[in-house]
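The structure under discussion appears below in the form of structure tokens.
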Amino acid sequence: MNQPSLFSHRAWSGIAACCLVLAALPVLNLAFADGHPLHVPSYMVSLVGKFMCYALAALALDMVWGYAGILSLGHGVFFALGAYAHGMYLMRAIGREGVYQSDLPDFMVFLDWKTYPWYWTATDSFWYCLALVVLVPGVLAFVFGFFAFRSRIKGVYFSIITQAMTYAFMLLFFRNNTGFGGNNGFTDFKRILGYSISAPATKATLYLVTLAMLAGSLLLCRWIVKSKLGRVLQAVRDSESRLMFIGYNPLWFKLFVWTLSAVLCGIAGALYVPQVGIINPSEMSPANSIEMVIWAAVGGRGTLLGPIIGAFSVNGLKSWFTGAFPNLWLFALGLIFILVTRYLPQGIAGLAARLRKEQP
Amino acid sequence: ADTIKVGILHSLSGTMAISETSLKDVALMTIDEINAKGGVMGKKLEAVVVDPASNWPLFAEKARGLIAQDKVSVVFGCWTSVSRKSVLPVFKELNSLLFYPVQYEGEELEKNVFYTGAAPNQQAIPAVEYLMSKEGGGAKRFVLLGTDYVYPRTTNKILRAYLKSKGVKDSDIDEVYTPFGHSDYQTIVANIKKFSAGGKTAVISTINGDSNVPFYKELGNAGLKATDVPVVAFSVGEEELRGVDTKPLLGHLAAWNYFESVKNPVNTEFIKKWKAYAVAKKLPNANTVVTNDPMEATYVGIHMWAQAVEKAKSTDTDKVIAAMAGQTFKAPSGFTLTMDPTNHHLHKPVFIGEIRPDGQFSVVWKTPGPVRANPWSPYIPGNEGKQKL
Amino acid sequence: MLQVEKINQYYGSSHTLRGVSLELERGKCIALLGRNGVGKTTLLKCLMGVLPVSAGAVRLEGRDITRMAPHQRARAGIAYVPQGREIFARLTVEENLLMGLATHSGRKASTIKGEVYELFPVLKDMLHRRGGDLSGGQQQQLAIARALLAEPKLIILDEPTEGIQPSIIKDIGNVIRLLRQRGDMAILLCEQYFDFAHELADQFIVLSRGEVVASGAQAAMNDPEVKRHLAV
Amino acid sequence: MKKLLLLACLLLSCAAHAAIDSALLAPLAGGDPDARVEAIVKIGALANDDATRLLAALKNDALYATPDGRIFIVTDDKAYNPATGETGPLPEGLDGVMVNNRLRGAVDDALSALKLFSPDRAQRLAAATELQKSVTLAQAPLIEKALAKEQDPDIRTMLQLVAGTANLQSPDAAKRKAAVEALADSSNANLRPLLQAMQSDKEPDQAVRVAAAHTLQALDSRLARTEFIGNVFYGVSLASVLLLTALGLAITFGLMGIINMAHGELLMIGAYTTYLCQLAFRNYFPSAVDCYLIAALPAAFLVTAAVGIALERTVIRWLYGRPLETLLATWGISLILMQAVRTIFGAQNVEVANPSWMSGGVTVLGSLVLAYNRIVIIVFALLVVAGVWLILNKTRLGLFVRAVMQNRRMAGCVGVSTAKIDMMTFGLGSGIAGLGGVALSQLGNVGPDLGQSYIVDSFMVVVLGGVGQLAGTIIAALGLGEANKFLEPVAGAVLAKIAILVFIIMFIQKRPQGLFAMKGRSAE
Amino acid sequence: MSANEHLNISSGRVAGEGLDTTHGAILYLEEITVSFDGFRALNKLSLDISVGELRCIIGPNGAGKTTMMDVITGKTRPTSGTAFFGQTMDLSRMTEYQIAHAGIGRKFQRPTIFEQHTVFENLELAMKTDKRVRPTLFARLSSEQHGKIDEILKLIRLSGSERRLAGLLSHGQKQWLEIGMLLMQEPQLILLDEPVAGMSDAETARTAELLNELRGKHSIMVVEHDMAFVTEIAQQGVVTVLHEGSVLAQGTMAQVQSDERVIEVYLGR
């Protein structure tokens, strides 16, 4: 309405172009043989697929951090729970092809478990697990958020308890007896919905689903941010108490984005597992959640596109540096973080906005 | 191509860098050594080093990159079991080769992996046997102390089954786990002390990584001496002891398939080369570098692979796998190690060493010769007859 | 004492101060008048160094202070009572007062002169309360007391009577009069309360949209021309 | 059996001769473990200075053998031949005599039995204490003999307990009863199984059983008390570590609002400075090496403060008022610092040894060992806290720091050089982190990742206490330390840690601003 | 544009749904005490406001005026005493947003607006609508609502500035914006804490004019230190003087101004 439009026309065309290019990658990978100039190596495709999952997580984080001012240092837990929920299905789909040739996953055979524990009930259903992907992070976030927001926990206090939460979950999942494979987590998946997980076509499909989810989430988030609710969220960020005096109950607004964000993050995790092939508790380590925040910050928080750009650039650089300068890459990455904060206070997206202003 | 590319996949940053960095260096040294002798099939080896940064999904990504992008013929790498598990599907999918140089919990056999570290029966079981022997102190009670993850949990499960088979009661076994990076061992050491009041006790430590130093410092300061309660560790070697004041640890034990202190010409040569390499490459603390078991396993693995390639006259994965069967190598441990034709594990000797004040180990027990690996522990029901690929 | 020469200031692209000049002598009080949003506060902030000026010069006792940081200007003898009080909310009243002594050293830096308590007795009762817990008017009093403790050569007051009860406004008026009579201090008073300013000032200037549109001696303040610039 | 032999020999205690029969020595160099143990027992039975010297040498790895089986005690580059009593140059082909735990145990037993009759009080006391652990019925006559000779009251008490322990297995019921009663004041946990056994049918005598039950009860309650006190101590000790690691952060984060992810790396730099000080002392003042810690304290403070100031001047000062951005920049700094240390010192841990005055511990209440390094660190933490408190509350600097952090612009307007205060405050916080690093180096690893393991805990402590509240930080550290140590024995380390984290989450619900919340209008 | 037209827009309801004002009073404070660590900011304060009344409250700095408003709006919980909105709503049991929802609007002593939002958005957020999550998400401004915002913009003379960030306004402009937000809320009871502080004399007069227009349509409570302004708006109504947390005097402006005690503690001689 009276808002400057969130994305300019140029940004819209940019987004569309990016989507096209991204969508073309797996197609080129399948269509052209290795060696052909237009061939995209499958390594590249799986890398970009992984980055898109990270980008979705960063986008989710930006909704709470950038717009509602809630800094979560524990989003890794939602990501991982989504991943574990999907992982349960993938584990069941291994069937008897595990090393112990049992109906149970190898790690359960190993623990001498004879049946699935109750929380594995029905996880052989793909759709049930998809529901879990949404429900588990969603319900956890809702309950956690409800109590935290109701107690009016804010700022670093909130950040730290989210960190405590993810840390606690990490330790819990590290225990073998928790029933999620302990430190090794889930890996060695064989198939999804009957299709071999390592088949190029399956991979391309997963990739495209991820792309669609990312683009869809971007649109959804944009719609929310541009609605009046988006403005209420920003008011929560800036002056929550003032908002109460004009009649809004911040609790439900916060809870809404917080839960939405957790669900998006869970979906990101669910898409991540089959593409990366492993989920284990280290995804819930506090450092991982902080890294998500870093992606959003580097890209520019409160901009929707920024976190996506941030996730791609930080992870892209990390992938490239760790191969190209295995001994020096931390210097380079660290320096980039410092320079971004120093010279690009609004992140990469802010730089883009500045350039646009300077040469209209 | 006029070179053969080999991948090196060890964390150079993050929590595992502490252990894995030196494996990368040993691998590079070994490759230099092979190249100096003319390479393999007349081609030089070219190492591609990447840093998976102690991040398991990154291990998988890097493995894929090495195989698919850099087209390496073989990868030497991984330390933790979870990093191995995370790259396994990649190696299977792309049908490539991984050489894994670290002792591990077993319960695994993969066509695409060669395990040059110890399986439980090549390390844990003999160590416990020793502790129960008269010479080892005749321990009757056991504290199984480990970091909370799969290697310690699995090892302890096997050990518990083994101890039971030897008539040790459950009440004489205490199993204790600490989180990764745990640094406060006051309570645990006090509890060990309490437990040991009930009879001759030994501690079997599968503590990994950073927690070892605080554990040993606490042990030393609490006055628990090796003559009272010996601790045998499976993840503590010369490299880890570099960070500890070992004087109070005199007599505590470790079980490995190699110690730097074993005396034989191959080892002398190996140590000399390594020290010279460290100085030449200006590695940090080059004048105090030590060798250890995973380093030896790396060294052996690379040489065996080179031999197999020569034999196969190809770097093709399946041909190399075939040629690996029965490969032998005169290892720094002083024995000639053989690659088992059926289970991809090495036949290795087992040594038990006591910590000396200088941070080295004096060998107090060893097997007469190399032992075949049982990756599937026979003490776990259902594992019978699984020892072959 | 204070010379301001043609200073200009921009907030981004909006030109807030346009060539404002003024001159103030020791022992004199100048009133700065103008409607809401014309740039009074901005001008005072520029004098204190909180905002940079893009052109022009500020001189204190002949010394060019245009590029000095606020703390250097404070040490050079300027004290500032900002609009909105800017109390150190989590310091006690006493500590807030001690902050007023930040430019002093030695014993002087730790002794709060009794005068301020005579002027603002309420502060004495509340020495150990946190600044932020005070009522609005109490905070305003605290802010003035803090500035006076610095014993400045130039005191800048941005709407000092805002939110203060009538009797204390009278007291503050008396203090300003006293300071003026003492003759060792120059006073720059930005005020919406016309009668108050009229009573105390020797001179005045009127700002409108960042420009000086009228100025003169106290007597000229009641001119309809001046009033016109203040009316809506 | 072994002990019986030893005793027999001891009691016969023949006159000392100058040298040891080489036939006795020969098995030591041989490969038969049983023969070696037997040899040690026999040598111990000689009970003369030469035997003591030989056994001590064996224990300290100073015993060597030639390939033909002759034994030498090597000190510096002289070889003493115990068989001949001659000292000469080192013979060809000397090789250390292998000692393992079993042998070491035998040597210890032999030595402590010898030492019971030593003229040195400390040695006798140590021997008596040692015997308490392992005494058997067979040794009872020896103990009685020592008891008869002993004058020192402390050692007598100890020996009485030892005698009691030995006599528990006496076939004579009266003796057993006396022994059980004598042990009523013991706090030796090793007695429990014996006493417990005496409760069962294995003990034929009813009176002894009753007495044993009494003693066992007394012992148990004493042990329980000891355990409780032990837990309190462990908790305080953990708290002191948490406090030292969190204190610097309480300043850089709590007061300045910088989400300082590089805090852990400042701890690490402090620890590495300690390492360098130790190296320097080892190389240049080997005689004073035990004092390296004293030098390390100011050094670590200055080095980390300097690093902190450099960071503040180059990076952080651009970020005031943008607290969330500090997270990103300091994360970058932390990566760089970690990798820098890895490049310079290697990825492996470096060794930092406790100075000898901090090694070991003091035994209290019979069985509770309070490690010296822990005690020192508790005291050190108290001193640092006191210092920080004084600086922040009793100096003008402290006032300015708080003022600048609350209202930077106004602080400038009243004449405070905010840039200088920022620099000094960050330097102070960093320097204190450096001191924390010194303490950590005495407990655990010194490696490039050192900081990473403490950063999460540090933030929890600071936040739980209430950001900007020094007193809160202290109480939070203490609370977490104690809670952890009382939970750990019940739940195990992993569940205890999870429980603590859940507790933190719950606690913040009750106190959304931390333990010491700011109340009133000023809190908004 | 005069304030008159504004009144047409605001529904002009005096009492809304659920508010029972059968006894004629909209607000009752009874024996309210608020203490902060032993200091009594309010001391057994009793006060009531009738429907449609414009009540001026004066009193020395620190008398407890702002604290009283804090109690009414739920920001501070009374240590003892009761506060009722209408006959039935116990304010001490309601949260801030429930109170706002029930129809009490407040302007703070220091202007508090959403600095990162534009002037327009500030008004939009304050507007009386369903303020729950779902309606907010799907809210679209009707042309009527749009018109209303425009009216208010004109009234507070920020018409040209509706797209400016509110944080960039001058002090006086922020005061006006906050008054505008209050009007958007259409509350039944308006609390104004020093509405003309920092306004020029002319602006003050305008504000007085506005309040005189609102009189009778809303119940209003005004706290001010500007005596000219208070005289202007109090007219013949009751002025209450607070001192040390309780009522010191009450009466018409003329009565109060001549009260010795009021002169002593507040007006000065």
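Should a chain be cited, it is by its letter among A, B, C, D and E, assigned in written order, with residues numbered from 1 in that chain.
Please note the rule applied: a residue touches a chain if its C-beta (ideal position, glycine included) is under 8 Å from a C-beta of that chain, and two chains touch if they have at least 3 such contacts.
Keep in mind that this is a model prediction, so the values were computed, not measured.
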{"item": "Distance-maximising chain from chain E - centres being C-alpha averages", "value": "B"}
{"item": "Longest centre-to-centre distance from chain A, chain (CA-based)", "value": "C"}
{"item": "Leading chain pair when contacts are tallied as C-beta pairs", "value": "B-D"}
{"item": "By mean Cα position, the chain sitting nearest the middle", "value": "A"}
{"item": "Between chain E and chain B, distance of the C-alpha-averaged centres to the nearest whole Å", "value": "75"}
{"item": "Approximate Å spacing (C-alpha centroids) for the pair chain A, chain C", "value": "53"}
{"item": "Mean-CA-position distance for chain D and chain C (Å)", "value": "62"}
{"item": "Length of the line joining the C-alpha centres of chain B and chain D, rounded to whole Å", "value": "29"}
{"item": "Set of chain D residues in contact with two or more other chains", "value": "338-339, 343, 452, 494, 497, 520, 524"}
{"item": "For chain B, residues that touch 2 or more chains besides their own", "value": "12-13, 148, 177, 179"}
{"item": "Residue list for chain A, restricted to those that touch at least two other chains", "value": "171, 174-175, 241, 327, 330"}
{"item": "Contact set on chain A toward chain D in their complex", "value": "71, 147-148, 151-154, 156-157, 160-161, 163-165, 167-168, 171-172, 174-175, 241, 286-287, 290, 293-294, 297-298, 301, 327-328, 330-331, 333-338, 340-342, 345"}
{"item": "Parts of chain C lying in touch with chain D, wherever the complex brings them together", "value": "48-50, 69-71, 74-75, 79-80, 82, 86-91, 95, 98-100, 102-103, 109, 130-133, 146, 150"}
{"item": "Of all residues in chain D, those that touch chain C in their complex", "value": "396, 399-400, 402-403, 406-407, 409-418, 468, 518, 520-524"}
{"item": "List of chain B residues in touch with chain D within their complex", "value": "12-15, 17-18, 20-22, 134-137, 148, 176-179, 181-184, 186-188, 190-191, 193-194, 197-199, 210, 213-214, 217-218, 220-223, 226-228, 230, 239-240, 242-245, 247-248, 251, 253, 283-285, 354, 356-357, 362, 364"}
{"item": "Touching residues on chain D, where the partner in the complex is chain B", "value": "33, 61, 98-102, 104-105, 108, 133, 189-190, 192-193, 227, 230-231, 234, 237-238, 241, 338-339, 342-354, 359-361, 363, 367-369, 371-374, 443-449, 452-453, 484-485, 488-489, 492-494, 497"}
